[in-house]
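Presented sequentially are two complexes of chain A, the first with chain B as partner and the second with chain C.
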Partner chain A sequence: MTKRVLVAMDSYRLAECAVPLACYICGSDNNYNTELCRHCAAPLALSHQARTQGVRPQMVAVLGTAAAGKTVYLGMLLDMLTRQNSRVQVLARGAFSITLQQRTMMALSNCRFPEKTPNEPDRWNWVHCQAKINSKKNPMELIMPDMAGEAILEEIDHPNAYPAIHSFLEKCSGVILLADTDRIERGGAEQNYFLMKLITYLSEQDSRKTRGKTTRPVAIVFSKADRCEPCFDNPELYAREKTPNLWQQVQQRFTNYGFFASGVAGSVGFREELGEGTSAVPLRIEPRGIVEPFEWLVRKV
Partner chain B sequence: MAPHSSSNLQVAPSQSNLSGTVAVEQAIFTSARTSSKDGYQLVAWSPGISSDDARQLAVWGPAHDSMIVDDPTDVSLNFHPLGDHKFCVSRTVLGAAEYSGRGGRQVYTHCFVLDAASFKRFNNDPFRVLSAALSIHDLRPGATLPTDLPTMKMLPSGGPVDAGLIRFFDSPVQQQSLVAWTHYAMTSKKLLFTGGYNDRFLSVFFNLLPVSIRPHFTFSTRLRYSQRRDFRLVGLANDVQEQKKAARQEGFHVFHFDSPARTPEASRHPWATWLQVALCHREPDEAARMISEVPLTTRLEDLSAVGNRLRVAMSGKKRNKEAATAPAASTPLVVPEENTDRAELFELVERALDGDVTALERLNATWCAQPDQQLQALRQECARHFLSLAKEKNCEPGSKGATAVEILSLILRVSP
Partner chain C sequence: MNRYVVGGAGVASVVVLISLTWLFGSFSWALATTVLIAAVGGGFFAYRQFTQKFAAQPSTNSSQPEDAAPRRAASPVDTSNSKDSQSLARKMLDQGRYTLLLRPQIAESIPSKLLNRAQTMLDDEMTLVPGGETIVGKGANDSPDSPDHLDGRVVQVEGFYLDRYQVTNEQFYRFVQNGGYEQISLWDPEIVPALLDFVDSTGEPGPLFWKNGKYLSGQAQLPVVGVCWYEAAAYARWVGKRLPTDPEWVKSGSWPVPLPGARPIQRKYPWGEAFDLNKCNLWGSGHGSTVPVEKYDEGMSVGGANQLIGNVWEWTSSRFGAWQSSSSPLVLDASMRSIRGGAFDTYFETQATCDFQSGDKAVARKRNIGFRCAIGICDLIPDQSMQAEEHPAQVETQELAEVAQ
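For the complex of A and B:
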């Protein structure tokens, strides 16, 4: 005896997977269910989220040399903005967006700075969030990655070495540029040169120009400014006196710029461990000037 | 095949000097604060490293938290192409504390860069480059980082296949693992390997590959998986998170050394089956000789056919062992006598170059005989004669003449 059975044709479900998914950062086609872009290693979750929302997310780059404080700044910024804030409020999109904030705050609460960001793009933390400013009617969708300083410098020296950085900087709407005040105070010219390179790179890459100057907003933030109190009083004067080349370049190449000072660790000590060398220890967490640059930038974007 | 000394037998190819050494460039990639940059960078390199090489090494280099095991005694070995015509063999260890005071140790990578011709002098075997480097230098990071490095002079030695390494794999379990591993390595686009493996296993695998195939098998061991570093063989120790992360990428097969998957003979890659036969027959010298004689034009896609041929040949030899020794006596060796045999040998070389198989066989039988002082001296003369003839003939690649040149190169141990 033969039993008749009705079998549902489920093959139509595969049709969605057959359509390639374009990476939101570099635009390369990928398999629908792949985790990271095969070209630039950006998470494809960004593309999935962008597809499901009506608004296209804007990109904000946080740039600086290795150990300039990018991870601490971004992690602290997100932690402050995701709490109740009267001026700007941020809502994380996607569970992966909380990892950076979690990693930073866990490290700081254990009296240490977060570990160095790896150079490999597939191990960077990306933040996708919704930012709401009181004065603006509609919230903004923002994407901000925490990239390694060495990778940024490598990309500037050799364009296309890191496709993720190249595409991101090409498309980003605003830039937060971190200058390590501690190293500037110690007399090193390296910060100055790096920032000048970056300013040149950004201005040459940007096609949106009026009268030869780029309109992309740039916030220059003197990080670790708690180690130099006068920097907080007047960051622009500080820039003019301590980093005159940078100040000059910014004047000549950008129309929308602002100088800021920020600090997370109110006081830093140093611990010597056998075989581990000297490590910096944040003695108390005293965030200052964290939200201001971001708020300024979001208003300008 | 008779062992030989490279200094005696290497008839000066164009890129080596009289002593037979090969120029190997080196570079160090690690975290440091230098006058040009802070963080991970190429801190020192030898003069032959071009700016393009330096850029690629800087992008490839394993940086902070790249080692799977946080142990200063752990070593990662890596092999990958650098551009179109160069290869990089590198060794990564954990060094001193990270300079910036953010915790963790610096990841210290010493790279050795060779062009294709120099790498061929090492029989395309990355482990020979590493062992030569280790015999010259202590590759651990010192108290201070060097600012520049000299070009190293390394002396390649040994034949294409080392029979001693095959003897090391004596136990049936090891042999079975090697056969299964070879099957997966041959049939996978990318292969992850996990569990309790050691680097000796990889070195035996390379040793048992034909020389022309070895550069295809780029590998990394004990580094965290990154899609930025594109290797064919990826060793991930026992880190489950890294295994899961890598396995989520496309096109990976996973090989667990602790419980190697069985490979049924019917579906097994023929080269793996040949290795099984070679290992089971316990005649490492014979197996080494047969692999050594695989022509240098062999491509990866030819390996199935070559494996089948070698397996049949070895099985046949086993069956007719007694009979096989008798015909050897019937093959007349060219017995060297005082200044009388040179002309005959030169004639054999010429005939072999013209495609005379019997002449090739006679030459091969001569050099495969027990080493003899007089033969060793004659080999150099013959090799020089062969080189001058080969240059004159300038055979088309893939032609019968080109094949004869390659076979003669193997017999006489020279590079045309």
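For the complex of A and C:
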């Protein structure tokens, strides 16, 4: 006698996967079990989490030129906020959100800076976390990607070259803009021009404007300021004196802005790498001014 | 003078005679009494004159008056000199410059009472670190947490004294008040042209974060910060000490145990191998700034040096990079000096160990770098108490001799 058994049909199983999943960043449809968005390469885990939790995460962009310190800033920020119960507390959502923090901290504790973020969007680290602020009743869901500096520059020069950046900057609620103090101190104009371009781009993209000015909060952070003590004393004055173009642009295009200074390495040495030129080596780690811009931004968002 | 005395006595006799005649009512009785009084008084006067004359005779009869005169003249000068030197010694003790008095050249001319006080201050304020071998750099276990540019080497260290505490604002203020920034002899010759740059936030000579040449209220017991390596070295000279060398600093914290035929075993932290946030002031402690130097006494070294780890980095006299790995050397600024121990804002515990070395430019005046001083045993007079321990037989003999006397 034949046994009667119930066997699930494969087609029925696949039916579940056939329902498209919209990417939280760019909005394009993807297969249910895909890891990265086929259009912008953002992790679809963000979409899954947003859908299951029923809360719309806010997006915060950390922008700057290549080697301005975006990876170090983000990694350090997350580690500090998860390590100490201060005014802002952060809880990572999903194991992938800890990768950036882990890589950065492992490198810094061993007196090395983390490796340069690759230009390919599928290799970027994304952070999805819950930020709890003492003064606010409800915690906030935040998404913060660590994007490559060259890719940001490419997107500014050729819009839509990087759909992830384009969509993200269009939707993001706040921006942390890193200016490399070391290069400013050395007299290079590159930082100035890049930041001016970025500010113009951001203000053109943002539709929320009052009297022609963007209301999106922007924190301008002078990174690597440990090499310039006066920058810590008064970052706004420093901006006015050392980067007057940037200062003018910010004044004219934004209503919600703040100037900050931050530093991670207490002192820096250099090492000659075979075939790669000179690379900086942090001689010790002394974070300073890392949490303040983020805290300011989160309160403004 | 005798004429006046005789005249005076005559007048007195007439007055006494008249008074006694009126008293007794008889001139003869009065005269007899007056003669008697005059005889007794004259005799006494004569005796006194004689004794005074006799007492003065030796000095007048001296065979060498020229020698005697200078001796008398020199005597008060000598006294004032010794008083001056004693008051100077006392002043130096009050300023905390006791090691200057314990230098062999100076100790000879200091009274034993002051010398004992200096010795007591040395014992109270400095810890004795015995000589021996220590590993400087990565350490014996080649921990994967250690940076690539460090390389462990065994170094021989002579015995020395190390300050128990980091130099405080109060102590450094004495140096500033005493014109330390104006005494060129205290400073390294290469930095003298830049001395005018070493001012506080109000332009007065002093550490960077002071105001009007003084530390801020309530910060007397905090370690002095905002001083560059040259300021630290100048202060050390002023108090009669020096900055510790890199191996000396490591030895005082890690307290190595020598093993025959092997590398010495040494501690990762002054209190042991495991990190303890309750024994030092690092970023994780949550203070966010410096704390008084006496705090965290649970974290002191075996020898009794406090806060070798945490609170502020400490300048050493060595150049940064001296213990670099030859396989992965750093390209460094020539003026970089070695700092040790971590500070209140040091994020990683692995960067605040006894064997972790960092560096900064010698002219850097930062809010998290301070210093403590050291001095070699050979630079001071031998400790009396230690000598007594070393030669108990001699002491016994000496004590017996004293009893016999």
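Here is the rule we go by: the second predicted complex is superposed on the first by the 283 of 301 C-alpha atoms of A that agree within 3 Å, B and C clash if a C-alpha of one lies under 4 Å from a C-alpha of the other, contacts with A are read in each partner's own complex, and residues count from 1 in each chain.
The rule is short, and it goes like this: a contact is a pair of C-beta atoms (placed from the backbone, for glycine too) under 8 Å apart; a residue touches a chain by one contact, two chains touch by 3 or more.
Values in this document were obtained by computation on a predicted structure and should not be read as measured data.
Trainee: Fit or clash for chain B plus chain C once both are placed on chain A?
Mentor: These partners fit in the superposed model.
Trainee: Using the superposition described at the top, determine whether chain B or chain C touches more residues of chain A.
Mentor: B
Trainee: Tell me the contact category for A:270 with respect to chain B and chain C: first, second, both or neither.
Mentor: The answer is both, since A:270 touches chain B and chain C.
Trainee: Regarding the shared-chain residue A:190, is it in contact with chain B (first), chain C (second), both, or neither?
Mentor: first
Trainee: Examine A:285 and indicate which partner it touches, taking first as chain B and second as chain C; both and neither are also allowed.
Mentor: second
Trainee: Touching A:59 in the superposition: chain B (first), chain C (second), both, neither?
Mentor: Neither partner.
Trainee: For A:108, select first, second, both or neither according to whether it touches chain B, chain C, the two together, or no partner.
Mentor: second
Trainee: Applying the document's definition of touch, where does A:83 land relative to chain B and chain C: first, second, both, or neither?
Mentor: second
Trainee: Looking at chain B versus chain C in the superposed three-chain picture, what is their shortest Cα distance in Å?
Mentor: Superposed on chain A, the two chains' closest C-alpha atoms are separated by 12 Å.
Trainee: Does any part of chain A touch chain B in one structure and chain C in the other, and if so which residues?
Mentor: In chain A, positions 112, 270, 278 sit in both the chain B and chain C interfaces.
Trainee: Which of the residues in chain A come into contact with chain B in the complex?
Mentor: 31, 34-36, 38, 41, 65-67, 112-123, 148-150, 153-154, 158, 161-162, 190, 270, 275-280
Trainee: Where on chain A is chain C touching in the complex?
Mentor: My answer: residues 83-84, 108-112, 266-267, 269-272, 278, 281, 283-288.
Trainee: Quick one: in the complex, what on chain C touches chain A?
Mentor: For chain C paired with chain A, touching residues are 144-149, 283-284, 286, 328-332, 336, 342-343, 345-348, 350-351, 358-361, 364, 366, 368.
Trainee: Can you list the chain B residues touching chain A in their complex?
Mentor: Touching chain A from chain B are residues 37-41, 55, 58-59, 61, 63-66, 72, 96-98, 100-105, 224, 226-229, 248-250.
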